[in-house]
Amino acid sequence: MSKLTIADKEFDSRLILGSARFPDPDTMRRSLKVSGTEIVTVALRRANLDRDDSEDILSYLDQDDYFILPNTAGCYTAKEAVLTAQMAREALGTNWVKLEVIGDDETLFPDVPELLKAAEQLIMEDFVVLPYANDDPITCKKLADMGCAAVMPLGAPIGSGMGIRNPYNLQIIREQVEVPVIVDAGVGTASDAAIAMELGMDAVLMNSAISQAKHPVKMAEAMKLAIDAGRLAYESGRMTRRLYAKASSPVEGKMEVTGANE
Amino acid sequence: MKLHVNGDTVDTNAETVQELLRQFDVEGNGKGTAIAVNDSVVPKENWNEYQLNEEDRIEIIRATQGG
Amino acid sequence: MSKLTIADKEFDSRLILGSARFPDPDTMRRSLKVSGTEIVTVALRRANLDRDDSEDILSYLDQDDYFILPNTAGCYTAKEAVLTAQMAREALGTNWVKLEVIGDDETLFPDVPELLKAAEQLIMEDFVVLPYANDDPITCKKLADMGCAAVMPLGAPIGSGMGIRNPYNLQIIREQVEVPVIVDAGVGTASDAAIAMELGMDAVLMNSAISQAKHPVKMAEAMKLAIDAGRLAYESGRMTRRLYAKASSPVEGKMEVTGANE
Amino acid sequence: MSKLTIADKEFDSRLILGSARFPDPDTMRRSLKVSGTEIVTVALRRANLDRDDSEDILSYLDQDDYFILPNTAGCYTAKEAVLTAQMAREALGTNWVKLEVIGDDETLFPDVPELLKAAEQLIMEDFVVLPYANDDPITCKKLADMGCAAVMPLGAPIGSGMGIRNPYNLQIIREQVEVPVIVDAGVGTASDAAIAMELGMDAVLMNSAISQAKHPVKMAEAMKLAIDAGRLAYESGRMTRRLYAKASSPVEGKMEVTGANE
Amino acid sequence: MSKLTIADKEFDSRLILGSARFPDPDTMRRSLKVSGTEIVTVALRRANLDRDDSEDILSYLDQDDYFILPNTAGCYTAKEAVLTAQMAREALGTNWVKLEVIGDDETLFPDVPELLKAAEQLIMEDFVVLPYANDDPITCKKLADMGCAAVMPLGAPIGSGMGIRNPYNLQIIREQVEVPVIVDAGVGTASDAAIAMELGMDAVLMNSAISQAKHPVKMAEAMKLAIDAGRLAYESGRMTRRLYAKASSPVEGKMEVTGANE
Amino acid sequence: MKLHVNGDTVDTNAETVQELLRQFDVEGNGKGTAIAVNDSVVPKENWNEYQLNEEDRIEIIRATQGG
Amino acid sequence: MKLHVNGDTVDTNAETVQELLRQFDVEGNGKGTAIAVNDSVVPKENWNEYQLNEEDRIEIIRATQGG
Amino acid sequence: MKLHVNGDTVDTNAETVQELLRQFDVEGNGKGTAIAVNDSVVPKENWNEYQLNEEDRIEIIRATQGG
């Protein structure tokens, strides 16, 4: 199975995970481990100044040696997103950023002009930008053309688990850009991830599908396998579809039975 | 001096970012924390000398779980 | 991951493979091995009396220690199918049979009355009967009730690669019978197999999806992973679907940026 | 729009309606009228001997001059179905029958062997048989070959409103038999009916989609239009599908604007 | 069936047609007439100065008394689109415009920032703006909020005939904006149009589905019926879906037959 | 004489199908009704003379709403 | 005078938009035609007096079939 | 003696199944082969003594690739 290259980094796993909404930190750690992921996303939030934040997710992720990808979740404007990315760079020592600039909090769909503006500025500031985008070929092409390291169209709304709602658009995007295409959001179960990979996507980023499953660790394993299954199937060149049947057992050499066709 | 720290108004004697962080018991040299004053990031290496002014808006943020 | 039990036998793999239409015997052997399958189907055909059949598939399968499942492919009547099963028992020393009684050679759909008749007689003769059936809850229930060891509804026509055409019927069948439900035929790529397993199917039997892929060995690996992915996802209890988004990153604690919402 | 011919009778409408489960007889009458249907199905049940059956559906249907098609709903065996058909012929003076022989009362799927047996006997007794069948090409072909006047595969379970679950099977059936193919059961809304007709089906038989709508009369009109729309679209020869766009406005002759492509 | 109101105008028909790519002007005129449409779109192109443009589409449309809606097809920038709209207003005496600002000529998907910019400016110049948009709730909401008279998300790429690729997004858009939602592009056959209307869309704009059908006039009639069917079904309140069957014929009062259940 | 009519046991003096129907007030010449005795249809034209016997199972059915 | 009309370079004596249109036999009062000079629309009522200059870019457009 | 073996008419001196198999060089004790005479399976243990008759229809089948 071929490797995933984003910017100048090479990854064995084509599964990128979010760290949010797990029942508890231990379940998160075991899920991440089992999933085989190498990249984990984190958000940036105000430090709680009144008490010590006992659960320090970052230390776990650091100990387990993940490549940490900060996001700009919750930002509505380019200005907010750019500052958040700068803060993330300062806090985490990475110039990679999962760029989210959303339009509202009901759909969490991107705000396209603000997203483009933020991407442009962050690229000028030498960030490696991985933008969460609509499944819109034009926006994705613009993002790729301006120098984003990958484009990350959504499969369905964040946290919806609705799967790959429009495989056609993803297919067009895959054909229109050179950089990796990563499906970000929408995957709800293993077959969704496999379908994304079979469409030729380079990776899948997910969070709720694992953290909100009844058994997150088991689902993490399912996702690991599904990503590999889908990628291998893509590389295998699937059989052609046909409306009618085609016997797999040989049709010649059948024995004759008296009265069989009476 | 009155500052706005993470949205709350705070009365403090701290004169630099470093002092403010110490006051809040924020582990300042650890990874995972960043500071902005009035919408501009203050790099770690400047925390020590960065002078705060009355009514400054300070954001102290940390990496946390996110998708 | 729980094991598969058919009749009195337990299997680790939930993937059953046909041995037909591989480009060559070596590709077949490697594909079977990589797939992790434990059960392989064979057909019965007239021995070629003019020359030695140089490629003896059976000896390979025997060497590699697969559980061999003879089929009655190509039979149009209960009489033909029963005799073929008896011949298979004699030839292979197994009382297991994949029972196929088809209605025509264009669709290769089962002939329901002949299938039921053949199943009934074979059960009386102590066969372990695994019937290839329509995705028809009534026929499957009859087959289960009369003592078939499993029911094997089709996902789509044999050799069509059209995937799981009617997941609803499979779901109903799964709820209506106690014995294992094995999707036989229709799977074309890895996600099809995962979908079948996520529907609660107990196993998938396939052939062309692997043997007719451009790279059969790679596809065999894809299928192994997809079956496990789908089963694990089924056992994990997937997240619930929702039309609208739900943020995975925390919504509280976002920093404030001047003019962000102007 | 071409007419529908079943046996020796010609119909203008390709919509066949059931008369059951309307909120009240008046709504039924108005729905039937608005739908444009010419054929209405009825069931046969024990007369209530204790009191006068005040609502006599039959008299309404007779007054409104519908072609009445009795069904054998609720029959589980060929014997029951044949006797019911004979009773219907006696009661209604018609040798047409919608033949239903079901396998259980949860799925209401047909019992294939009993259905075939009943059809065979009724054809020998000179009935015009319209059998409700699985979407199974083999069973439908047998029914057509033995002399059924039409075949009526289900789109989805009776009363489920799930639409056309497996258009591929219906398409195969349409290609395999000469007699009219009528989708019986499953249609839930107008587009389902249009889809059935676009697949080349000759007619659609429905009941709950209208009688269980919030506004049955309005839905009856919707169905009338949808059936005609689907049939006309089928006869029109639809445009070909393409993954990419094709401009409808002319691409040449566009005016030039300075700096437009800056 | 309720009427369609856009800006201050009321229309009986919910079908809007393009005038392009018909085999000949007569077929166009007959198709438009049969479709019942009241609004017809036209493009603006350089006059042919070398010879008289013998076929003057406009005069036909005028004679037949359609409400003419000029488009800005082929424009890639806000500047081009605004000038085209101004030219259209001058040429046709209407301040209505179907605003298209596309990103490339392979997908013909909108360029979101340019579209928003053009819409904003045209609204300031008192145009009644009907923008062709992605099926993106955020962009549609911005367009509605800034004062567009309707939003026109695509069902699939222009001229693709792929149908409604992502009904979920259209449903979200319908819930998020107050102005009419018109599906523009993608419809390929009658059921596609019905599906759009059943989703609660207010109208459908199409062109190739009719002009590129084998028999455009017949397809125009199909579309007229499908639009009405879909709208009526939407207003009727469809039956609820259920996985299992529900008998429509009464279950009580069935006669008893000896040995029926043996 | 004891008969089984539509599943109920009935004591009656009726000796023919026609008499039985009259007893139950079933409008015998109307369209929409059919009679079976012991699983065999009795055609309308025979109702008048068809003799009933002790323990006969009689089904009187009518057309009703159905899908 | 040299003008650029619909992308072609044209040598003409026409001094106003109206004269240019007459030269090209474009029916100037009919509905469906519009004129832009150097990216600005020239309203019909001004065609008569609108003076053309050397190197002006003129677009003469008409409504045509479109989707 | 004339037999029908796998659909072909064959003239043979073989009197038992075993002899017939030997004639065709079919490895009779190996796994994977079965014999039917006139639509009835002849078990391996009977091949030696099973007498063939004029016009018998014999099927010699083997396991092969199948789906």
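First chain written, first letter: the chains are A, B, C, D, E, F, G and H, and each begins at residue 1.
Convention: a contact is a pair of C-beta atoms (placed from the backbone, for glycine too) under 8 Å apart; a residue touches a chain by one contact, two chains touch by 3 or more.
This is a predicted model, so every value here is computed, not measured.
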| item | value |
| --- | --- |
| Shared chain contacts [chain B and chain G, defined touch] | none |
| D-F compared against E-F, more contacting pairs | D-F |
| Between chain C and chain G, centroid-to-centroid distance (C-alpha), Å | 72 |
| Centroid distance [mean C-alpha coordinates] between chain D and chain A, Å | 44 |
| Chain D-chain H separation of Cα centroids, rounded to whole Å | 54 |
| Distance from the mean Cα position of chain H to that of chain C, given in whole angstrom | 33 |
| Shared interface positions of chain E, touching two or more other chains | 18, 20-21, 43-46, 71, 73, 79, 83, 87, 106-107, 109, 157-159, 162, 168, 172, 207-208, 243-244, 247-250, 253, 255, 257 |
| Junction residues of chain F, two or more chains touched | 6-7, 36, 39, 59, 61, 64-67 |
| Each pair of chains that touches, named by its two labels | A-B, A-C, A-D, A-E, A-H, B-C, C-D, C-E, C-H, D-E, D-F, D-G, E-F, E-G |
| Sites on chain C touched by chain A in the complex | 18, 20-21, 43-46, 48, 71, 73-77, 79-80, 83-84, 87, 105-109, 157-162, 188-191, 193-195, 198, 207-209, 211-216, 218-219, 221-226, 228-233, 235-255, 257, 259-261 |
| Footprint of chain D on chain F - complex, ascending | 5-8, 24-26, 31-36, 39, 41, 43-44, 59-67 |
| Residue ranges of chain D in contact with chain A within the complex | 168, 171-172, 243-244 |
| Chain C to chain H touching residues, read off their complex | 18-22, 28, 41-47, 49, 52-53, 56-59, 62, 68, 70-71, 73, 79, 83, 86-88, 90-93, 158-159, 207-208 |
| Sites on chain C touched by chain D in the complex | 102-104, 106-107, 109-113, 116, 134, 136-139, 141-142, 156-157, 162, 165-166, 168-169, 172, 176 |
